[in-house]
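Below are two complexes that have subunit A in common, paired first with subunit B and then with subunit C.
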Partner chain A sequence: MTSNHLWFLIPEAILLVGVVFTAITGLVRSTSIRQSTPVIAAIFVVASGVASVFVFSPDHLDTTAFLMPALGRWVGVITAAVGLVLILNSIGRVDRRLEQAIAAGRLRFDPLRAGRGEYYAFMLLSLAGLMLVCTANDLIWLFLALELTSLPTYVLVAMSRTNRLAQEAAMKYFFLGAMSAAIFLYGFALLYAATGTIEFDRMRYELQSQAANGGLGALAIGGLLLSLFGIGYKLAAAPLHLYAADVYEGASAPVTAFLGFVPKAAGVLAIMVLLVATGLSELMSSLPYPILIMLWVVAVLTMTLGNIGALLQRSVKRMLAYSSIAHSGYLLIGIIAGPGLGYTAVLFYLLAYGVGNTAAFSVLSSLERRGEELTSLEDLAGLRQRHPLMASVLAISSGSLLGFPPLLGFWGKLLLFIAGIQTGHLVLVIIAAVNSAISGWYYLKLVAVPIMASPTARSESVERGPSNWPRFAGVIMVIACLVLPVFLGWLVAESRDSARTAQAVRADSAQAEADAVQPSDDSGLFTALPPLKTALQSPAKR
Partner chain B sequence: MIWGWILLLLPIAGGLVVVGSSARAAKSIALLTTLATFGASIAAAIEFDVWGTGDFGLVSSIPWLPEVGINLSIGADSVAMMLVLLTTLLMPLAVLGSWTAVGERLKEYYGWLLLIESAMIGVFLARDLVFFYICFEFTLVPMYFLIAIYGGSGRARACVKFFLYTFTGSLIALVGFLFVAWSYAETTGSWSFQIATLCEYASESLTLREQVWVLTALVIGFAVKIPLFPVHTWLPLAHTEAPTAGSVILAGVLLKLGTYGIFRFVLPMTPEAVVEWAPVLGILAIIGILYAGLICWVQTDVKKLVAYSSVSHLGFCVLGLFALNPMGLQGAVLYMINHGLSTGALFFLVGMMYERYHTRDMNAIGGLAKRMPVWAFFMVFFVLASVGLPGLNGFVSEFLCLIGTFAAGDSGSYPGVMGPWFAAFAALGMVIAAMYLLIMVGKIVFGSLKEPATDDHHGLPADLSAREITVLVPLAVLCVLLGVQPWIAMDAMVGSVNETLAAYPEIVKDAMQQVADAGSSVLSGGVNP
Partner chain C sequence: MSTPPAILAELSSYLPVALIVVMAVIFGVVNLVGTHLLGPKRRGERKEQTYESGMAPIGTARKRFNIRFYILAMTFLVFDVEIIFLYPWAVDFTQLEPMSSDATLFFGRILFFILTSIVAYVYAWKKGVFRWD
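Entry: the complex of A and B
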């Protein structure tokens, strides 16, 4: 590690400082300071997001240190934005009974029983892990970053609710997570065995020379297969998706929202980094068949099982859990499509999915029935009459997740489809389109039940949750779904810039210098957009 | 130019004002907005200087996502312009028609109505594929809510079915579109979603096999919307449960999005595949005509009858489109407009009756001519227009569609792949239509008076009020006008029609020649040897 590398860790460092602060303020005897813990967490998250914009600004891009030099900016910003909403969703939920008892004078404050500090501290730790994935430049780093993302979430699940369901969920999540970590660690070990290095730069060189001399060895392929398979657990990709429904249902709504985004994003980014690292993704024609087939099958299974699973649910949280599995399947299309438009689409879709999914969970976080979370779809019946705002938030976020034009989710899906078709995976795109149609069935329930179903005694007793912050967060996210498409050109340009590999960045800067010397006479659209030109031409050269 | 954007944005702006205003003012603001939009469309039609030619007017473009060549680009040829006029004409009438029918959640209701107007205008004005798709899909949302909130007792099932059918169909169409766009990018090295560019590219560069796949994807998407047999089953439900204005918009404009899609995309994009598959699509259309007609015969629910008659009628329109000659195509485009006028009016009339008696059962009502003579006059008038009485609009378009189909044999300047047999079977549909519509009229308009027990007609006068007559008169006037002077519309659209058909005579001749060379019998049974 060089001092240069440290510069890029400033956003994570900010989060770690935040971890210390929140861990302390959560244990302070004074109620007002204790209650400011989420605010402190939010401030640090925002600060790290702002920092990542500056740290990864074009002036500082270092094509030698990282495989995808600009990735950190995009990921830092969406991590901060979504992370902020996830924190807002949790306000008023953590330690609620305890705080009520203290306020009523029934209990005295006891640091041993307070969980607030740890809760937000673990959230920030996990977010830091997500950001660290982007700056990984060797296998150990990647492994640690992934585990830093995951380990806090096991604890979050366990402490998010006091009932047995949460404990069961946490145990399942932890043991299966450990197993998947073992799988991809084993894959990493095989990769080391195949190349004799854990550093991505040298590994890439090694594998490319192997590929040039008669193809990749079985060790390398086996290692990659196991790694991708194991990381698939973070995405809840089939066949390691089975935990998702139980875990998501067991955890409280804010934590479920967290699980639906942070580990998933970390997993997708890790797969991206790993594929770029092994050099296989630069030219998709050279992606070995076993890996292509595995990704393909996993993508199809993931989206299909996710959607069909969601179709069968009566519980809103389980439904959203299965639907998030399906979204992992869509994301894999972009991964299969590879660098250029494929990764651009993945980054854009992460944003669209993050915004839509957290908005839907904001609704669940903002409502309760007799102090408990909403569980079944019937609880939402007639929501429109009693909580019109939340019903609209739910409707719009479902629309965005469904990919309904002109909402944000539509553009994410469109880019993924375009990327898939561009690289010749028409069948995959057709399967995804059919899956989107299936998902229409259950997302429509989230729109229809609040509007059309007549309220029952059960749903009559649904009332506002303890805090208004989740409502606020949901509204903000929904506004984002509606307004961000206006700035589509800018967003896609940003995500495209962030998805560039080191080579592409070098090519771009060389191009820029050449352009500065001699203005190009190419008057077309692409003079202003050299990276896309390369991205678009690579399949044509195939 | 500026008029296009005004047409597109005026209803949305009005919708926002409606939502922000009080419930009492909602109606009036909505009426004013729709009238203003109608005025704007008239102004646009006057400014529109390419009537009769195949060019596009009102052209304007704003870049949106330059990475993949997506622009907000609008413009209209004369066919699109006519459909815009139809839309903007029907909307104020729809607002007037729901004046008393809708009593709750007014702001939302009129907000959705105005939003759907913008979306429909957007579909017709779009010159960018993605923009078209967005508008095309977006029409679903307001309609979904109009049915879901203001619909009848079976609305839950109806609107879900409506949404899922059309959503699935258009997703499949989207994949077809993306395939064409990608193929274009692959060949030329840059992305474009300009409809004209892609149509030209696809018709020239795609292989027959690729064209067949694209055709299949697009036809699935548009057939659901039209609706073509066998994907028509959402329509009767949606129509029956929708509020009156919803049914009018659905029948008047939304169904035409499907036939417009075929006119705008399928015919120019995949000519060779169309020539190969036109007979199959023609047979589906004929099955639709006859099958839906027979269903109408046994209906007792008036609204359902009119809904099924739409399926039957749109079959003629599809037949005209795939006749692949100017006559058939002009007939089809004219049919889109005429069907919008006459069936829209029939839905208004059924709605007016329903508002008074709260039943649509033909066995419970009868002889209303004695109670509501004015209503009865209009009912008979529009039924005759719909049946195709010479002198009224329906006749001209139906006749043109049939003649076009008849002439679409293997000779003449515009050879086609259908022929007399297709026309003969379709004409049977006209007979059935006359039967079921006249039976309906016989039952509810004439005969002895039979009314459900209502004392006060739910607060409405026994016969039509001035407001309701105002709704119907413009439609009736246009029905007569287009019945006696159809050339006004036909001359205006001739350029666009020829533009769409430009490539066809050659392709059809080639296809016929190949078949003849192969020594097998001619493509379809209907062509004379």
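Entry: the complex of A and C
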């Protein structure tokens, strides 16, 4: 088992080797080697994404003891894809003043002042943590993976040492994060007390037998509630969402993009893994009542507070921060809908959200005003006239985040809503749809202000940033928003395969042996997603 | 319910711990109150100072230290922990048959482990941790 488990850690091991290389090349005296640090980081991220496809290939999966055997493949690939863009976003921004001073001959290179190597090394570490969440098979593993995701992000926020706002943000983020870790660790301790094991396999067995004999005990319920509540911090789920706006505003734009995706994805995946560990599967997908109520309330609060908060903002970064809170609320619909269609929708939505959100932040990373980041919406007024490409990137990415029909975000939301309706959470889906409509107000502002408003004195002085890579990253992500819907059937089939629990896989293979019939190879949308077909054909069936 | 719930039975095994806690509290309170009641009370300028022995305190307690102290201490920690891991390895290594495949594997593993620390050392060196100017 151990050597087998090591095999599934190859993608993470590649990232860790990358951490070593980036940390050291960032400190080399030669400027050209130093500037290749992001390239090295990007190479290792891509390699780990490719490795996770091979590592989690079907012939290896027979032997795993994971709760959701193929989860690592989907997550590895989207982590690598989004991680690559996040790295491109940061090019030219890290250590900018120091490098300028060195180039001008005002300073000699001082390794203690340089943060470039550490910046990319911490990014890779955090990505490795996100991937490790998928292969977690006990509570301690899950806790360490979540913390490996979060701890580097605290440092990333604090890395702009001269910016007081960033320092304040890092402090808030760190202390509240420590508190949330304590909360979910306490929940884990209660789960251990309830089941007497930290291994998910045995925990599932234990909790299932408890559920069969008159419901889960108070310890198990309390432990789950505390764990989910604490992990909610990573998602910026209400009521632990309050840090998000301040932290996202204080951090620099590439770091904010990172915070908007990586800890959030890790939190969502951790919740999925934890719920599957309580015995949830496609065969038995009803949550215990207290957990259901809690998740329901948190989902509604999160999306409503996120959207209303976003309406009130004038700063683009704060607006996107609140919008990311709202997206966590949508993701929780999929979690409530449970394994099967619900988790498929969650995985797909993570892709759609990651692509849209990083594209929007690429725009902020690629533009600047007198060497400072853009802050208010005014800075974007009339962006189309001087930076037409960036204006269209911003328009398309916010259209995707809003869920505008042909774009990737629309299909993500559609899947989530269908999953919610299929499992009988119609009220929740209606609330989400109303919220989606509310979010139109501020997303359309992000479309309209750059395109239709006339430039102001502030926005006239907006210049290109130090590097063209963030522009490139934004364009790539927007192309993904436009093109990926073409491959929708394949993507949904892939995310469905990745979201399957071990129990369903076992049941399916038993069924296949009984039938000895090969499943259909057609991966069109309808065959990939039978529930969608039934939902569309029989709207009366609730 | 005739039999007590299982959780109570488990809690009763913690009785000695609870007893220790109670005794610790009593010990502390008795000592404080006892010295207050029984001890001689002589006040004076010297007696009120930070160090009652008469050593004059210098400066404030909230003094700032050079960050290099912390960095160096962290680097020390890396190697300190590494050495602690080497001891059990060395004890086990002598039990193995010399030049056997197990011994080679065992040796290779510790080399890899030391390599990871060397990477940390190179990083610290490049970062300028050992430069003190």
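Criterion: the second predicted complex is superposed on the first by the 496 of 542 C-alpha atoms of A that agree within 3 Å, B and C clash if a C-alpha of one lies under 4 Å from a C-alpha of the other, contacts with A are read in each partner's own complex, and residues count from 1 in each chain.
Definition applied: contacts are C-beta pairs under 8 Å (C-beta built on N, C-alpha and C of every residue); 3 or more make two chains touch, one makes a residue touch a chain.
Bear in mind that the values here come from a model prediction, so they are computed numbers and not experimental data.
Applying the stated contact rule after C-alpha superposition, one finds that A:357 touches neither subunit B nor subunit C. Residue contacts after overlaying the shared chain place A:323 against neither subunit B nor subunit C.
Legend: residue contacts after superposition of the two complexes on their common chain; A:441 is shown touching subunit B, with no touch to subunit C. Once the two complexes are laid over each other on the shared chain, residue contacts for A:110 go to subunit C alone; subunit B is not touched. Looking at the superposed arrangement, the partner reaching more residues of subunit A, out of subunit B and subunit C, is B.
Legend: residue contacts after superposition of the two complexes on their common chain; A:27 is shown touching subunit C, with no touch to subunit B. Of all residues in subunit C, those touching subunit A in their complex are 119, 122-123, 126-128.
By the touch rule above, subunit A contacts subunit C in their complex via residues 20, 23-24, 27-28, 110-112. Residue ranges of subunit A in contact with subunit B, taken from their complex: 399, 404-406, 410-411, 414-415, 417-418, 421-422, 426, 429-430, 433-434, 436-437, 440-441, 444, 447-448, 451-453, 488-489, 492-493, 496, 524-526, 529, 532, 536-537, 539-540. Interface residues of subunit B, counted against subunit A in their complex, comprise 63-70, 130, 133-134, 137-138, 141, 144-145, 148-149, 155-156, 159-160, 163-164, 167-168, 171-172, 174-175, 178-179, 181-182, 185-186, 189-191.
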